[in-house]
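So the structure is just underneath, and the comments pick up after that.
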Amino acid sequence: MWTVLACLMPPLILSVFIFGIQTLIITAVSVISCVLVEAVSQKALGRPITIRDGSAALTGVLIAFVIPPGVSYLLPVLGAVMAIYIGKHLLGGIGYNIFNPALLGRAFLLATFPVAMTSAWLPPLHDLAIFSYLGSGVDAVTAATPLAVMKEQGMAAFTQAFGSGAGLYTSFFLGWRPGCIGETSGCMIVLGGLYMLYRGYITWHIPVSVLGTIALLSWIFGGEALCSGDPLLAVLSGGALLGAFYMANDYVTSPTNKTSQLIYGVGIGALTVLIRMKGGYPEGICYAILLMNPLSSVLDSFFKPKRFAPPVGGDK
Amino acid sequence: MTNTKSIGQLLSRGILSENPIFKLALSMCPAVGISTTVMNGVMLGVAVFFVQVFSSVTISLFKDQIHPRIRIPSYTLTIATWVTVIDLVLAAYMPGAYAKMGIFVKLIVAFAIITMRLEMFACKEKVKDSFWDGVGMGLGFLVGMVVIGFVRELLGSGTVLGYDVLGFKPLLFFILPCAGFFVVGLMMAFFNWIEVFYKQKRGVRS
Amino acid sequence: MKDIVSIVFRLTLTCLMAATVMGVAFIVTNKAKKHNEHVREERTMYALLGYSEAKPAPASVVLHQIYRYIITEGEVQFVSYLIPTGSGKPGVSNAYSLVSLDLQGKLVDQKPVAIDGEKIRGREDRDKAVIAVAGSGKDVRFADHTIIVTENGKRIAYLLGGKFPGFKTFIGVMLALDPQYTMVGMEILEHEEDPGLGAEIEQDYFKNQFQGKAFSTLKGLKVVKEPLPAEYQQALEGGIAEADMARIMEQYKEKDIYALTGATISSRSVTDGVKGMVKKFAYRLDILDKVLKEQQIAVSF
Amino acid sequence: MRMKLRQLILLAFVLLLPGVLQAADLIKKTSFSGTNEMKVLFTGKVNAAIAGDASRYTVYEENDPDIKLALAAATITDEGRGVTLKFAEPLNSANTHVVSIRNLNGEGAVDFKVSKSYLGYLLSILISAMLINNFVFTKYLGLCVFFGTSKRKSTAKGMGVVFTIVMLVSASMSWFFYQYILIPFNLNFLQIVVFIGLVSLTVQAVDTILRKVNPVLFNSFGVFLVLVIANCIIIAVPLILANNNYNYLETFMLALGAGGGFLLALYLMSSVRERLEIAMIPASFKGLPIAFIVAGQFAMAFLGFSGLKLF
Amino acid sequence: MNSLLTFPLGGVHPPEAKGQTAGLAIERMPVPDELEIILGQHIGAPCTPTVKKRDVVVEGAMIGEVQKGLGVPLHSPVAGTIKDFGMSAHPMRVTSPSITITVDHAAIPATYPRNDWSTLTVAELLGRVHDAGIVGIGGAGFPSHVKLKPPPDAKIDKLLLNGAECEPYITADHRQMLEHAADIVEGAKIIVKILGIQECIIGIERNKPDAIQTMSEAAQAGSTAGCRISVQALQVKYPQGSEKQLIQALTGRKVPSMALPSTVGVVVHNVSTARAICDAVVGGKPLYEKVMTISGGGITRPANLLVKVGTKASDIVAYLGGVKPELAKVIMGGPMMGFAVSNLDVPVTKTTSSILFLTEKEIDTRPHSQCIRCGWCLEACPMGLEPKEIGVFVEANRAEDTAQFGVFDCFECGSCAFICPAKRPLVQFIRLAKMKAKR
């Protein structure tokens, strides 16, 4: 858990330079409330208190990562209650939750504060003025996320707002675009993800299948005509990378079998593209993962690990 | 089931110990579905109340005439009749409230609680007892709906019975469909917890 | 065997009894129900005109229903209006005429329609009457329903209902215009937008923005993605003194519509929808008025 | 039973085909795109000079033949097989539009209607009932049975399949009764009694037939038949179709969607509850309360489908 | 030596930690004053004593015998007097019946002159193996003569000698292969003759290059036309030394669930068992001594010891200069499959291959937490089982429902528990599950 947390630190630090110091405050509030809620729930339910295993802190960071940078500090607190108490401890604590707690928290916040969660975006900073959004500054500025612009105003407006070509990819890859706190800087997420892959904490199956499906389907259906979408843009915008590396890969809520992991990833990718293009929200990976979460145990029951050798005459 | 039950017992059973929503967990659909405001809860609760009372009384009145083999169809017919009547009356005289409740009024016909009371109580007991049993159950349902409606309305829109009490909308979530599940689930757990708590307390005392 | 007879007998009896109860209930409630069907709609209309239960509309205010039909005969299409030619007072048996215009706005014919004043509000009865007048072999299709409001015979407002696609499904609205087609008010009748987002279109601070927009402004109305100024919001929500309110409303009269935060698409849908409705209505009413004037057709409005 | 389902699907397909072949010979597909665009796809290559000439088009809403819509541009697409019409003002896609092209095919004009496709509409009824407005998670119907039979995956599957079949049959019968008996004879107020009666009848019929035809199947699925009556979805679907004046195809789609959605919800829920059975749930939450909480979480996940516009 | 072989499914790479003892020659431990010989030394029925209290026995004399069922005789490791019949501490079963012998230090150690076995019949050979009390020394303790008499319908074509020694720390087999290579090859030849086959493969993990070298030379020297003995180097992967995994690595054959290796035409013996068979057949020496590895950071002087069966762990500790203060856990057997012992009075049995004295640093003392479904155990399990599910079911008191996960296929290699990031005692869960699911 602590390693995963460490992998999430680079995007967090970069987010301070992209959106200002308040991202750090939101993350801190989120982490502290998650840890507190975890401790209180465990105390109330008479379980050993395990806040030191880092799982609550990780959920806290992830909740902060999937909310816009301009929201009130109250939001992560409420999200923490939903994620940790309702989403995790009522179902039996760590390991038994069906849905990814952080995303459950986000879904709850999106339903409760739809305006803040869909409009509190901030234009990225370019001058290291990391304190400029603190205090009253937040209300005055708004921005639209790339996917929202694409969905509501079309590709032309997108190009006008974010440019095109290599510059666009670079700024998106680095993270200089409006978006949730932790989702923008593709480079840092990929870096952390690759480190986790290298250390063997995760396998390639889920991230590759999720991102591959998103890229493929966006290429096929994403453009004006068939097969004219921009796969790279689809992967870099929204929370695709964060979702693929840190949310979809969550051990507890994803399948354990490799085959089911691939199917699970493809399902997430397909649902993401479906919601992005036809659904009610500009970004769909949050709901795509939530919708696939309950399927992970179903998939695992279909694809059992390959047994060494079945008994003679088959299983009894 | 003992034959002699006081009115108080019959009432309290329906409202507390065998509350159709929190204890028997029957007829959950409206409890989750339209309990976004107290008023909705009251309206449907009243509708269910009348259907329950009328059906209980009807079945109790005709219990000797009902052939045991067509028991269930008779119950269904009776309930459907009374639901139709209530439905028509509401549609005619309270169109505003009726529009809000959608098809849930008509769906009272599929409520397990009503059939269950008819089968377990009204077909055996005296008219008066059946009446009070129906009243108890109907009230129990009403109370459940009001409680859930109160929580959801207060938290969701900051109002009670339409009157603004908080002055702001705390958590929009609670008037959304999915919150109904959470509220009912948490309340059921709360009632379970109270029961266990009191049993323990009583156990300690005795 | 005896059992079966008994069962059948009792079941029949039960059914009969049930049917009796339901039948009685139906008969007793039917009239009230029919009466109530239009009450809500009418209440909305009166509310848009500024009347309420505390301040009921005077008897001199009359709502004149106009029903538009499209009649197709082969390749030729007419636009026909079912208009009241009598006094127009509800409850009084009215005379109605079907005035048919060709697509260029020339009068084709005018025929009286025999229909009762109350019955005209029921779709089936009305359609039947129009088909009977239009003659056989023609395709008659109901298009829309608008209301012209007069006070002492003088036009004071138009009410028009309409439906257009919103962010999710359709949004149904009713608009009130003054005789110069300036928006008097708008009411959202139905929608399935997201709570907290698109559903905010039914809030005063959004729908009242349309109030007072002149036809000229309305024709070019757009949606701007700017935060709603605080004073304007106060004025729209009606929490301030009347004089201030009038001043502020006047100040923002020619401004575009401020989009709802997080629900630009819904805001734009409503704006575009309203714009289209008013433009069409104004175009048609001008033609109709011209024809009625030229042909000296006596109408009740 | 699976065979029967397949036949029903096949039947539905055959019945739906005319919807696909709706437009005139020349026009293959029409659709709205964006707020002020319309796309037309022809069956073959068309004369680009004519099809690309905006002045040759006349477009109006079906109900407003007197008001012609101003066309900004007509652009040839799809290698000469299609044309995109761009309008000056946003279109009201709620209404059917009539497009007429002069001299496209020699003499005279080619007229065709552009509206949201009917097949798409049917499918959207199905998808809506199944996912977007899932009867269990967003409309809260059938909860008693839902919580009662979602403890085991096998039970859930059985219940879902039986329910879907009974639903299809009873909804079809209800539609027939409603359209040909209740409406003509002005007996609408009897709908509750009639619908519940038809449901009971269907259940009884399926029970009898199954018992005779396939006793093995009956043994595994028969127990669920009784429960079907207590499920409010089964009575809600006829009521909805009566309310919305659906035709038969729409009714069929609604019933299929409702049944499929119920099956899906049951299956997902049961797989989750099997997992919860071995979890350490707090004592007062054991059983129904936690099932409700999980259902709420499902409902939150299903929010993702909200606003889904496939067609 | 062709490309390195291994088994394909699962497996883990625990730190080898063999360096402490790999270079140490086998050293004979002086006999302590008293031995406690547990009667149930092997799988099958425990022995019944054939001696009485105060009987005087000589080294190698039979002191116990199995009267009914599967088993082999038990021999006295020393000359001495039967002191008592009592209960001894037992690593797995808490206590177990045993015979206590007071050692007669004055007695002359027995000698076993080598004699020619080539004239003996198969039945005679088998008799010697049985009479010498030989069981599978590798771990399970299965009576060897039974393994050498495969069911008549099995077509055996290969003998595999297991020199993989995949458990960390243990170097007993390694040292024996270095020091007694010829005996091992001789033993292999005896087994080959008993089985009536012609081929023997010795599998050794490549982290013991010196053993591979020595054994290859010995195998070459010992091979004859009718008996080809070869050495095969294996990849280093735990649990290579498990019977089914070794068979798959060396022959590619898969032993079906709940079946014996003979169903795929293979017989597997440990290298040290082969040596014991050689000693029994060639010298007539019963199995009463054992080469063991004593290792770990908690013991003052790690060693490879030749120990008499019945020597208590405490005696070994005393001989090796005592334990260090940082000792945290004593394990009998390997760190993966062995049992933690809380009592150093546990006597050594025929199957004890090591005693490890581990320090805080060498073990993970963190408390275990709930399963987070990471699925690592699924990948580690060489049998393709789902240890996480079994663990969760056991924790939920539903151990009896675990047969669906193939819990009986598990041979408790401990790969899952080793890899588990939550440090869940999965092997203990599985043992519990096996106990309950049987019922």
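Order of writing sets the labels: A, B, C, D and E. Residues in every chain begin at 1.
The rule we apply is simple: a contact is a pair of C-beta atoms (placed from the backbone, for glycine too) under 8 Å apart; a residue touches a chain by one contact, two chains touch by 3 or more.
Remember, predicted model here, so these are calculated numbers, not experimental data.
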Chain with minimal offset from the mean of all protein Cα atoms: A
Chain of greatest Cα-centre distance to chain A: E
Looking at C-alpha means, what's the farthest chain from chain B? E
Winner on C-beta contact pairs when D-E is weighed against A-C: A-C
Suppose each chain is reduced to the average of its Cα coordinates; what separation in Å results between chain B and chain E? 69
So, what's the distance in Å between the C-alpha centres of chain D and chain A? 32
Could you tell me the distance, in whole angstrom, between the mean C-alpha positions of chain B and chain C? 38
Enumerate the residues of chain D that touch no fewer than two other chains. 189-190, 193, 279-280, 282, 285, 290, 293, 296, 300, 302-303, 306-307, 309
Touching two or more other chains - residues of chain B: 73, 77, 80-81, 84, 88, 172, 176, 178, 182
Would you mind listing the residues of chain C that make contact with two or more other chains? 18, 22, 25-26, 167-168, 194-196
Complete list of chain pairs which touch one another: A-B, A-C, A-D, A-E, B-C, B-D, C-D, D-E
Interfacial residue positions of chain A with respect to chain C in the complex: 111-115, 118-119, 139, 142, 152, 280
Write out the stretch or stretches of chain B touching chain D in their complex. 25-30, 32-33, 73, 76-77, 80-81, 83-84, 87-88, 103, 106-107, 109-112, 115, 176-182, 184-186, 188-190, 192-193, 196
Which residues of chain D touch chain B once you look at their complex with the stated criterion? 137-144, 147, 189-193, 196-197, 200, 229-232, 234-236, 239-240, 243, 282-285, 288-293, 295-296, 299-300, 302-303
Listed in rising order, the residues of chain A that touch chain D in the complex are 45, 47, 86-87, 89-93, 96, 98-99, 104, 107-108, 110-111, 154, 225, 271, 274-275, 278-281, 284, 286-288, 290-291, 293-295, 297-298, 301
Across the complex, what residues on chain E touch chain A? 9, 244, 254-259, 263, 369-375, 378, 381-386, 388, 392, 406, 409, 422
